[in-house]
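The two complexes that follow have chain A in common; it is paired with chain B in the first and with chain C in the second.
Right after this comes the complex of A and B.
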């Protein structure tokens, strides 16, 4: 690996041998509904609290991912996961149920690709045979923790994003059938001084651009080497900003190739989701539900998922701090490629 | 690596080429004061908020660690860190200052060894040349977030622990002079049903024991293979419990070899710290400040640091949940060994 590079090359070609997604009612009414393994018709999922519901989503996604991968809990060597909750409590409780050695991570909505990158690094380095990455978010737990009491039903500006209720998990193995994790580009903190938590897409756009540029520089690849490049959840405000910044910097990505998980998961025109989706679950369920299936079928040959995270806390916002943002990108190849 | 194992062997022998610690006034009055690089005489460190003070601790420790390692910010390939704050905000802001690609992690007080384990894995696998691990905690930010308003000065039971004000950072490299990171054992969640956040030592003791046993099983080593085995911060209540559990399970560790960072950092009899120290900064400053110096001088040949974490959140506690706990252990060897 060359000096100064921020991309890990997975030369042993670790494979995603099983993945699963579980979502809530809004995601079940969106355009990708058919790609999710389980859709809950109610936000409370018959649990006593939203926090318990969020945990259930992840436990169910993990259990199904292991089942699809034909890996039992005793074979699973490590679980890597995180979420938006204070002290990533949904993952700590789910990791108790999963039972394997556990590494908690946090990158806000970029946690999906952060955990997949670390899981792939562990497998690629021979430090684990079966490693699972997972993450989750719930609209009501996020609303309550980051914004206002959920019951209050506060109005939001159109730049705000709607936290996805959903969980995704993927089992990475050194061999097997499934999409291949080629490489991962780890992002730097970008902070251009935005303080408005209702405009996180704009805050995160420069982080996505920085990581995408680093990815192209490190790998020598160009946007045309991918059938699809998706940002995590920049949504309706942030995604056009990222597009403009990339164009300005001489790395334009064609509209037909450049998407955003926050725009894909909902029918943004019809569903009341402001600028689009966000939350750890957003890029996780779009990638592990929708995109992996298209890679599996050979409909997509190679994709780059650049998951973005706004690393604010309610306290940092209240204290007038700006929003540090980050993005991590993972390149995944179809098993039918070559 | 054998199936079912939870230990990473670092066969390339990554080296801690530089480390630094910064602490607050209480730690500066404790028995290890002379081993810390910088002692702040005031808890506010002339910052406008305790949160800014906590961040400053980590920024100063990181800067000094890089200086001692003779690595500049451009050479640093990755920074791995986390803390106790909601959304690990101290690390996200410090990572903005550090400027390198960043992976946020969370394992409560076990974050010190979680981040060192991941940093060492990255270096060992050839995925990075210089990687820094860091963590921090501040007594007043933790008190305010997890317990009561700091100014309230609430009384605490003697089983409670006192959050360390301090930060530690270590630069891991593939070659150079310094203590060698031999291997890391990644822990599982242990939860024996304790719900009292004022008795975290007792809650965490089974996690420490589980990880220590896994370490001995995986490596074929015995307690006698180490000059010193320290738990992260079980303190006065938890450490004797861990000792008893290990004895019961047939892996007794002699008192002369078995210590605890939470008991070492303060004069528990004289300083008003209840059962002893805790917090992400506790095992970080004891390891990177005190223990690395003793390894460097050859006074200790080989140590095992088993950092423990109580993964509760104020919300999970309020909702009546038990406290999931974890411990990660890292073995470090003196450069003068062999």
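Right after this comes the complex of A and C.
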């Protein structure tokens, strides 16, 4: 039910009863490698095209998520998903394999939390008992679609971000064991006029700040009510900007741990990822792989994941348009809380 | 520098004049660039070397080869054929346009220079 202006409060306390993550080789070399369910040693995953490889990631993640949740394909009532590809083809093809009724969503890199929020809303309203949310991205499909051919020798600026190869899926249910989805704040489009697609972190930072502030206003909570607040993929350039903007507006963000999935997934010092990770898979694999495990163990009591998305297309930026950005925040509570 | 070394090989190894050595040198550089692109290392060298790899003929070969590789999955005609010049096309267009204007300048001033002789 609506709480404040733009927050959904899930009074029935939907539970994430199973989640799984599948990643590529670079993520497998990162600091969170042990938290992922499957690491592919090759980027092509023995598929004929990058697009097929991306689809495979999502198919594997969703299959494992259902297995962990002990829910079969017939029991799954809805699947909500999206990705970065034109016409979200990775999800449409994966949904063909999953076989359940499907809603495709697009929120660029914020899709992870957008789909989780919608899945939780469906469960909370009693419109479905088992609903899965999923998303995926692949470094090479994103390079091919948004930038240059993968083997093209272009020099990337240090503000650029490295698209995560990975997929994450989570099954939300009315009851069961697992982390609880408390509430979700749906963001507005923020566009402060940045046109450089190699500096998306800076473009997305105001969107993250707007959604976080809306969340605090709607819920009456403070940063200290969370053990951890993470943004999706602001990375090395965008995350400090977001922190500065929050401080400027008097939000006591230092009362909590304020992190970023794009900085957590890679060893930014050692791995050649420029400013850090990005892509739909970034916040999905960090949340569903790393953070849910920490919640499960009770190491974290309550977290807020604010996934950020840059809603640009190759056409829009070539025509000189600015980058519209969005962020959606979902609060998740440990099952060991209370 | 690499080109100079290859050119020296042709001059001393194959007894060519400097002018004759030019064409096979360029061919060898293009070959090298394409091999490195196919092996997947050209883009890594470029991130380090920057314009050094982008400007010369090797960069041109890389732009065509990488596009052809990338779009191979969409078929030979609509994939490779249609996308090969995706990046290189603008180099050719603006190269021809620039040559045209340089030609006009040369034509105007060239006539002037000849008149002085």
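The rule is simple: the second predicted complex is superposed on the first by the 331 of 338 C-alpha atoms of A that agree within 3 Å, B and C clash if a C-alpha of one lies under 4 Å from a C-alpha of the other, contacts with A are read in each partner's own complex, and residues count from 1 in each chain.
The working rule: contacts are C-beta pairs under 8 Å (C-beta built on N, C-alpha and C of every residue); 3 or more make two chains touch, one makes a residue touch a chain.
What you see is a predicted model; the values in this text were computed from it and never measured.
**Student:** Determine, under the contact definition given at the top, whether A:49 touches first (chain B), second (chain C), both, or neither.
**Tutor:** Both partners, chain B and chain C.
**Student:** Please tell me which partner, chain B or chain C, touches more residues of chain A.
**Tutor:** After superposition, B is the partner touching more of chain A.
**Student:** In the superposed arrangement, does A:159 touch chain B (first), chain C (second), both or neither?
**Tutor:** Touch partners of A:159: none, neither chain B nor chain C.
**Student:** So in the superposed three-chain picture, is A:86 touching just chain B, just chain C, both, or none of them (first/second/both/neither)?
**Tutor:** A:86 contacts chain B only, not chain C.
**Student:** For A:296 in the superposed arrangement: first (chain B), second (chain C), both or neither?
**Tutor:** Neither: A:296 stays clear of chain B and chain C.
**Student:** Report for A:151: first if it touches chain B alone, second if chain C alone, otherwise both or neither.
**Tutor:** second
**Student:** Touch test for A:272: chain B only (first), chain C only (second), both, or neither?
**Tutor:** So A:272 only meets chain C here.
**Student:** According to the stated criteria, A:217 is in contact with first (chain B), second (chain C), both, or neither; which is it?
**Tutor:** Neither partner.
**Student:** Of the partners chain B and chain C, which touch A:324 in the superposed model: first, second, both, neither?
**Tutor:** first
**Student:** For chain A, give the residues common to its interface with chain B and its interface with chain C.
**Tutor:** Dual-contact residues (chain A): 49, 51.
**Student:** Can you check the complex and tell me which residues of chain B touch chain A?
**Tutor:** Per the touch definition, chain B meets chain A at residues 1, 3-6, 8, 49, 51, 74-75, 77-78, 82, 84-89, 92-93, 95-96, 99-108, 114, 118, 121-122, 124-129, 145, 186-189, 191, 311-316, 319, 321, 324, 326.
**Student:** List the residues on chain A that touch chain C in their complex, please.
**Tutor:** 48-51, 144, 148-156, 272
**Student:** In the complex of these two chains, what residues of chain C are touching chain A?
**Tutor:** Answer in residue numbers: 37-38, 40, 42-43, 45-47, 50-51, 53-54, 59, 62-63, 65-67, 69-71, 73, 86-87.
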